[in-house]
Every structure is written in C-alpha cells, then in structure tokens.
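The first chain written gets the first letter, and so on, giving A, B, C and D; residue counts start at 1 in each chain.
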Amino acid sequence: MSIRSFKTLVRVVWADTDAAGVVHFSNFFRFFERAEEEFYRSLGFSFTDFRNRGLWFPRVDAFCQYKKPARFNDLLEMELTVEELKEKSMKLGFKVTNKETADFLASGYMVVVAADRQMGRAAKIPAEIVEKLKPFAKQIL
Amino acid sequence: MSIRSFKTLVRVVWADTDAAGVVHFSNFFRFFERAEEEFYRSLGFSFTDFRNRGLWFPRVDAFCQYKKPARFNDLLEMELTVEELKEKSMKLGFKVTNKETADFLASGYMVVVAADRQMGRAAKIPAEIVEKLKPFAKQIL
Amino acid sequence: MSIRSFKTLVRVVWADTDAAGVVHFSNFFRFFERAEEEFYRSLGFSFTDFRNRGLWFPRVDAFCQYKKPARFNDLLEMELTVEELKEKSMKLGFKVTNKETADFLASGYMVVVAADRQMGRAAKIPAEIVEKLKPFAKQIL
Amino acid sequence: MSIRSFKTLVRVVWADTDAAGVVHFSNFFRFFERAEEEFYRSLGFSFTDFRNRGLWFPRVDAFCQYKKPARFNDLLEMELTVEELKEKSMKLGFKVTNKETADFLASGYMVVVAADRQMGRAAKIPAEIVEKLKPFAKQIL
C-alpha cells in the first residue's frame, strides 16, 4: 500500500510579502500550519475538536529550507506528509511548489505534540485520529 | 489644566514591510494597539489586569488615514490621546510621526469598549482606571 | 441596471487569532485587501499588472466597524462593493458575514488612490480598468 | 579572547498571540529577525546599507525549538550568537529567555546568505562587515 500525501493550494496575498518583493520567510511557517489545518479538515476534524477534548497541538520544532522565493499572486501547492507518527507526537513534512511554474520553492517540517490543556503534559493522540493519520504515515513509531 | 498625551516609539522591522517597500497599511493598527499597551503599562496596568477582572477591551471601530509611507528601519513616534472617555468605552486617537525627519505619516483612532468576558456585555470601566485616564481625556462624557 | 457586488470566501486560520480567542482586529483589513485582490483577479487583472504600468494603489483611508467576533475555522463571506469611483481613486466597501451562521460580523471601507510609482503623484485609473469597475460602482464621480 | 554575544529585548504585544493564549510559533522567527536587525544596528549598519551596496541577505534555513510558551506582556531577552561565519553566508543562533522569570523559552538559528540583488547569486560578505562580525563568531570557516 503506497503512502498518501495531502495537497492544498495557497494564494500569496500582498500582506504576505516584504520589502524584498518576496514572501517573508516567517510566512512559510504560516502556510505550513494552514496546510495542516486543511489536512485535518479533509480528515473530518479540526483544532476546535481537539480543544473540545481538552487537547491542543503545540509545535516543538519547526524548520524550513528556502530554495526560491515566492512572490505576490503566486499560487503555491503545499504538499503535506506525515513523516513520523508516534503515540504522543508527529512530524509533519511540507513541500512548497509554485503551481504555475512547477518550481520547487521550499521544504520543511514541524513536530507537533498532543498536550493536555489542563495539565500541560504530553498526551496520547486519540485512537480515531491515529487511524485517520495512518494512511499518510511514512513511519509509525 | 492642559490635557496630556502619551508618546512611545516603534522601530519599523523588516517583517512590517510589504512588496511596495513600505509598512503594510494594516500594521499601523498594530502600532496603534502597541502604543495603547505601552500607555496602559505607563499607567501601571495592562490587558492582563483587565482579564483578571473578567474584562476585556474589544475594538468596535478602527480608522487610519495615511499621509506618507513608513519604511524599514524608520523610528516612529506614536502619540496617543484619549479623545473621548465614556462610562463603558473610550475613543483613543493616534498620530504617527517619523521621529528622525519629523514627517507626519498617519493618524487614526480606535473605539474600545469594556466588556464582561462571561456575559459578553458592555461593562463599566473600573473607577481607578477612569481616574488614571482622566488627565489624558479631551472629553469626558 | 442593478449594481453588482463581488463575493469571496476567507477561511480563518489559527494564525489570524489572538489570545482573546478571536480574529485580531487588524486582520480584518488584511481580509479586505485579500477580497480586493480576488476582485481584481475576477476582472482579469492584478496588482502586478498595475506595477507593470508603473502604477500602484496605496490606501489613503481604512476603516472597520466590528459587530461580532470571527473565530478560528470560521468561513467568512467577504462582500465587496465599489462605493465611489473617481478619476484617480475609489472607495471600496466591505461586509463580512459568517457564511455558516449568517451572522453579520463587520463592515468597513478603504479608499485607494492610483499613484505613479516614479513620481509618487496621484494618477488616472487606466480607462480599461475603469470600464471593468463601472458595473460595480454605486457612484461615479 | 572570549566570544561575544548580542542581547536585545522584545516585549510581547497582543497581536503576537494566538487563540491558545501564547505567542504564535511563527512569531519567534520574527523575533529572531528583529534581534538580527538590532544586532546590525549595534554594529553601525543595517539592511538598508546592504541594499545600497546591491546586496541582500535572504534566509536559506530557519529552525526553532520551543520549550515553554511566551505570553502577552512578557519581556523576552533575545541572545544572538554568530555560530558560523563563512565567506558568503553565516549561521546566526538565538536563545529566547523570559527576562522576568529567567525561564528558557526557545532556541533556534537562521542561515543567511549574502546575495547580489541584480544577479541573484551568492556574493562575498563585505570585508568591513566581516571585521565587525568576527568578535561574535564561534567558528570562522
């Protein structure tokens, strides 16, 4: 069974750019998170559901490597993969491509951990969420 | 007795700019709010104190008029005045000047209302806060 | 002939929110601009085209009135109207509605002026752009 | 001779926070860059000087590891070190500490490369800038 990835599009708006005429590097992390949100939505749940269970998903690591700039009006294809799925955390991988030119722009990852909002401790990712994530996971640890 | 104003400085950072090489217009509202926060701090209280009283200060109106652009590295002088002080709300006025060139860049206002966080209803601004605001108020209604 | 409006959708992402659990007020201005960009795209031109003509569209006034908060994951319907169309500027009106609940959240406007990028002076809005804007204009001055 | 580090303070503003009540993770990268800008200013030059030489400093890698959250009103101490100084690039390290509680919040790095704005190619960091950076460099490669 091949591993699935999730794709979504992001249109670069003017407010994403900086005085170099390109998307500010910090906004790639916002695009990563936006792709993550759309991924959860595509699986039928959202950060709001997590909150209702007393869970949230803080980031513990975030990394991006920039190859080419994105500019105003560019249509970006975000590809998300689940690099590692663990009991209490996961590593999400991202690739950013210019949809129109097919230029590869950036890649990166975020490690997110399930956490109990009351206690602040790491918590298990709920079983039915794990089931939905498995088809996307390169490694299940 | 003359009416007082509050002044604070904001340094324009790269992330504030957009592809036109100037500060994105939406960031002037963030500068307004930052000046507001420094104003409260100068008076000895903060949004956090408001939260601890079960209050917050949502904005109901926000306006800015732009005269000249601000650019990366500019040092902005924010001047805050209390245009109107009411029982449950106030109108804060702002002027933005380039500190080094003395160019007048923008002016605007925000109307903020005290609100009960539980009920969501407008609430009275606490008396000791009103006392601290009075010396800055052009109009007390 | 009835006057047309333009509608587009904005999904609230986590990064749009603040510690009050609602969309930060400054982000409504970014949503306004995003709707403006989609409007131009729907008419077949973009800020990039303006730049190629040596023009840009700085904002001179921006206003928003907030009625109800928007929250993470909300789907917002942005309705754009051309309130006034002048030779060198226009006033764009915006209404923000929660698409799922039909709650009216906010309204506002931006006055944008065509400007010569070299000279920095106000310039005429190009004739073919004016033609495309006319069906949306409440007032042509 | 001991290696120097550069320190600067960042006050967390309301607009930096998200609906979890903490600073949005992407904003740590903006704080990194802000510390970098203050560092250059302390050395007597700025991004603007680089631009005037036809240079800019795009980021090629950015990483942050999050240990504890920062909240509204927190005063953050940013410590910057030059981890590696190369002919055409450098790796800047950052540590973020809560100035009042002394809690260590996050650390990370950015690799920035000098680039010719016309050609888009990597360029040498100008000699007098290298001289100013050397006292801060852990490794000169």
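Keep this in mind: a residue touches a chain if its C-beta (ideal position, glycine included) is under 8 Å from a C-beta of that chain, and two chains touch if they have at least 3 such contacts.
In this text the structure is predicted, and so the values were computed from the model without any measurement.
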Far-end chain from chain C, centres as C-alpha averages: D
Comparison of A-D and A-C by number of C-beta pairs in contact, larger one: A-D
Separation of mean Cα positions, chain D and chain A [Å, integer]: 24
Chain A and chain C, separation of their C-alpha mean positions in angstrom: 29
Of all residues in chain C, the ones touching two or more other chains: 14-15, 22, 26, 30, 33, 72
Chain B residues within the chain D interface of the complex: 13-15, 30, 33-34, 37, 41, 46-48, 72-73
In the complex, chain B residues that touch chain A: 14-15, 17-19, 21-22, 24, 26, 71-72
Residue ranges of chain B in contact with chain C within the complex: 20, 22, 25-27, 29-30, 33, 56, 58-66, 69
